[in-house]
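What follows is subunit A paired twice: with subunit B in the first complex and subunit C in the second.
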Partner chain A sequence: MTGLLIVDGMGKTFGSKRFLSMKPAYSVTALRNVSFTIAKGETVGVVGESGCGKSTLARCVLDLITPTTGSVLFDGTDLTALDPASKRKMRGRIQMIFQDPYSSLNGKRTIGKTLAEPLYVHQGVKFKDALPRIHAVLDEVGMPRSAVDKYPHEFSGGQRQRIAIARALILEPDLIVADESVSALDVSVQAQVLLLLRRIQQERGLSYLFITHDLGVVRNFCDRVLVMYLGSIVESGPVGELLSNPKHPYTKSLRDAAPIPDVGKRQSLALLEGEIPSPANPPSGCAFHPRCPRASEICLREAPALQATYDQRSFACHNPED
Partner chain B sequence: MTLADTNTPQRTRTASLLRLARKNKLSAFGLLMFTLIVLASIFAPFISPHDPLDQNILDRLQDRSAEYILGTDTFGRDTFTRILYGLRVSLMIGLTSTFLAMVLGCSLGIIAGYRGGWVDSLIMRVMDMLLAFPTLITGLFIVAVLGANFVNIVLAITVTILPKFARVARAPTIALKEREFVEAARALGYSDIRIMAVHIAPNILGEVVVLASLWAAYAIRIEAYLSFIGLGVAPPTPTLGTMIRDGFNHILDAPFVSIYPGFAVLLVVLSLNLVGDGLRDAIDPKLRD
Partner chain C sequence: MTTPLMTVEDLSISFKIEDRWCRAVNGISFDILPNETLCIVGESGCGKSITAMSLMKLLPDTAQLGGKITFDGQDILSMKEKELEGIRGSRIAMIFQEPMTSLNPVLTVGEQIAEPLVLHKGMTWSDARREARNLLDLVRIPDAEQRLGQYPHELSGGMRQRVMIAIGLACRPEILIADEPTTALDVTIQAQVLALLDDIRKEQGLSIVMITHDLGVVANVADRVAVMYAGDLVETAPVADLFTAPSHPYTQALLKTVPRADEAFELLPIEGQVPPIQLMPEGCRFAPRCLEAHDACEVAPELSPGPHAVRCWAREERV
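Coming up: the complex of A and B.
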């Protein structure tokens, strides 16, 4: 199966190279050798704690942040090697839905203008000619057509997120990167938006890179999942398999930390202690070893490589769970 | 799409303006005053029976009378008429230079803030250099070197207040470029120029307009300074500054020749400051003294 998106060995280091600066240069490695593929029509989830590099990953895939190393192959084209003009053209095919619908829409523009702008920039379509397509996309996300003349502040969070989805859809992209797109919404609205995203996927056959910290959402929405810890993928695989039988201790503790809505099934949990280490000063060996219940001596010295197992699964651990 | 829907943003904007006027009577008064001054200068030929350049040497240095409402100057020209025409020139210079400074300064500030890095350093260090000189000295220098005429005076005032606009535009740009709608614009493949012009500029316009009204008053004052020390628009064209200067020779025997145009400067500057203060309060209640 050839992937729509093939990310290979992507790394991102933020650093300072200040000219004539008195401060010493620092560097933070936000992503470390991340590789994965997304097939057409597939939904890949990315989970992990705050600060593990999920959002950096999303922005690197769109090349909003230029990755330091590695390549992003989208439909056979290496995005990182494109000149700025061709890159801008490609942008229409990968779209992003952001976390906060209150800041992802320009408050000074009407919804109509916001939705017409991509069509004008990429296809030279004038506002009047764009109107039928704007109406169509508003219908698709379940917003009234009268929204065209309104401003973002006249809508609720869930409605705004629908508008943001409409804006991402209007250029008919092949891949949508959703960065915590439902995290800011109420649970009931979350469900509506997720159903909407799934319906659109079925109708248009597009792929999602779905970034979240909510395992419940991943379980119901994604086909495959990548678990990230401190900038690296520590485990990946099909959702059901991975969550029912996690190999990496971090995946297991993530799963166990998710609340179970049934008092009878609750068990005493081995919750993780401590915080995610600073990416500016990562621990030696396996990045997870200071918090790992299964850490052994080798974990302090050597970072485990990601090893593939049966059935599309892979994990990076010296002492995997059984 | 009903009519009510289309009108909503417009209506709320008008309503908030009215609410503002009611809440801040002083600013509303300032706005009224400024409007009247502008109208008076535009319709000067219809208001005054005299010609601003018409000399009547027999009536020189007269105090107020029915014929000459605010008296006459050294050459027997009607002061009231000359104030009206002088306002035209002063307002033209003040508003043109403020507008130019706003457009250029904001563009530079937005580019500096959006691009960051060495572009930011380069632009802002040049602005700092301009700011390091006292405003009047910069203005003086430019006019003295290039010569005193309308274009050069506008240029001089523009250059002196441009860095202030650049600074005011840069800070919110840095905040805005981290907002998700700017990232969304980049994700949609918009060009940097488009992002700066369509997505950032309108969002900082409010703050900039407030300062524009305050600095327009400042620009009119600089014009008066420059004219007063003899670097203004060439006579006989009246400007408020040159009129004050002309009257200065007779400050002891006929003080009114300087005082009335001085009072006109005061009114213009005061009205603009009142408007600016009101706008500032309306936009940022935290700034209220």
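Coming up: the complex of A and C.
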């Protein structure tokens, strides 16, 4: 299996310089040595609580935020080493869908204009020449062609997310980065959009990097999943395996906290004590040790390395679950 | 049968849109029993939040109300503002989804918890402050003494929601209405807050009305469930019955659209969308999206009697 996207040792540190401030300069490490690959036609999910760095990861992959360390190899080209013109060219092949279709679409532009813009920017196509392609992509996402002359406010949330998907598709990308793209939708509409994304994947053979906090969505939509905690990948593997037999205590807690719509599986809910620590002041050793039910003395001193096991699985834990 | 704490009968809420009265809540009835968790579940625009607001008559003057909400022998909907003040916050309290916007950013946590005690119970500020400290212990906020002097921005989302709960509980209400209390929180924090609410319900013997869109949350905390769609209460049942034998086509369809963390299955979306309030269909409001709709659905069905009640013509023979 060749990787379409190979991220190697990516790190991102945000810093503040002293400026009109009495506080000393500080830095926050949002991503720490993150490595993973996405194969052609594969869907890789990224899960974790807010503040775990999953959105920073998505933005670093597209170089919307420039990573501090590491490389992003896309189809054999290192994106971080490209000059701006070549980078722009490559970006046409990686597109993004955001969480909130209310703010990601320009309210003062017709849908047609919104969909034509990527074609103009990347390929110099004029609006009237773009129309057949706009119609085709609207057909593909199940929107009427009459949408071309309408504005975003005339559509519901689910329809707007379809338009955002159409905008991402129009350049025929190889990879789509979706950051919480179905989180703002009602479940019945969410299911429509997930099925649409899957159908598009089957037809076009593209890959998804799918950022979400919803383990149910991950279970039903992704092939593999990366679990993040405080900027690091703590566990990764094929979705079914990883969720039915988690090795990292954090993955297990996350899974057990996800409520299942089934009274037969009514859990005793509160399992994980405490909250995610501030990345500005991370705990020593393993970042998860203050909340971990399996923490031992070594976890306080030494951060565990991500170790690969069988079946594409890897985890970073001194005391893994059985 | 236990006597209900509150009875909602044929509640309707209408708003005037373009000179026409549109019914956002379309004649719904349900009871709130003592010491139970009742979940009202539905998608956006189904009317669950305004139903919750109406239980305390917290609706704008532009809303036209119909029906009856009986609490302690009195009709809430016909009460005057002055009388309502004696109930709101003290006998019926409410917590909201977004604790950042519902807490006052310029008052300390201690002042905000003490305020209802001073207003409703006539406590002195120093007594109220002492009680506020106990309430922080009750909602399991560590270092309570120190937290009393902090402002909302100094707390995490989970902690803020605990403070909201403490304010809600301050006057030992009989009913706590929680509108999507955990939607803005991470799953691990959500689990903590849900467990806290359940413990408090048992300890204090209060009733919780929880508004949510998350069927996973419902399955885990509810005693009884009311499912709403487009302003109609379409099904109500004890939680076990609702999940093992969902009867309304909407409930059945909804359960097939929720992705589960424990197993992958083919999601079956409900085609179409909830119609806007101005364009509600006559008759059964779910009919345009219903796979079982037939001629009879042009007339709105009534909610069947009994503990597991369904509002559907196709289910008439079964109940």
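Observations, loosely collected:
Just so it is clear, the second predicted complex is superposed on the first by the 313 of 322 C-alpha atoms of A that agree within 3 Å, B and C clash if a C-alpha of one lies under 4 Å from a C-alpha of the other, contacts with A are read in each partner's own complex, and residues count from 1 in each chain.
Keep in mind that, in the parts below, a residue touches a chain if its C-beta (ideal position, glycine included) is under 8 Å from a C-beta of that chain, and two chains touch if they have at least 3 such contacts.
What you are looking at is a predicted structure, and each value in this text was computed from that prediction instead of being measured.
Taken together through their common subunit A, the two structures put subunit B and subunit C side by side without a clash.
By the touch criterion defined above, A:11 lies against neither subunit B nor subunit C after alignment on the C-alpha atoms of chain A.
Touch criterion met: A:91 reaches subunit B, while subunit C stays clear of it. Touch criterion not met for A:142: it reaches neither subunit B nor subunit C. In the superposition on chain A, A:105 makes contact with subunit B only, while subunit C stays out of contact range. Of the two partner chains placed by superposition, only subunit C is touched by A:215; subunit B is not. Of the two partner chains placed around the shared chain by superposition, neither subunit B nor subunit C is touched by A:3. Using the contact criterion defined above for the overlaid structures, shared-chain residue A:272 touches subunit C, although it does not reach subunit B. Angle at subunit A (Cα centre) between the Cα centres of subunit B and subunit C in the superposed arrangement: 80°, in steps of 10. Number of subunit A residues touched is higher for C, counting subunit B against subunit C. For the three-chain overlay built from the shared chain A, the minimum Cα spacing from subunit B to subunit C equals 14 Å. The intersection of subunit A residues touching subunit B with those touching subunit C, taken from the two complexes, is empty. Residues 43-44, 156-159, 186-192, 194-196, 198, 213-221, 239-240, 243-244, 253-255, 257-265, 267-271, 273 of subunit C touch subunit A in their complex. The touching residues of subunit B, when paired with subunit A in their complex, are 1-2, 5-6, 8-9, 118, 179-181, 183-191, 194, 198-199, 202-203. Across the complex, subunit A meets subunit C through its residues 49-50, 156-159, 186-192, 194-195, 213-221, 239-240, 243-244, 253-255, 257-273, 275-276. If you check the complex, the residues on subunit A that touch subunit B are 19, 59, 62, 64, 87-92, 94-96, 98-100, 103-110, 117-118, 121-122, 145-146, 148-151, 154, 164, 167, 171.
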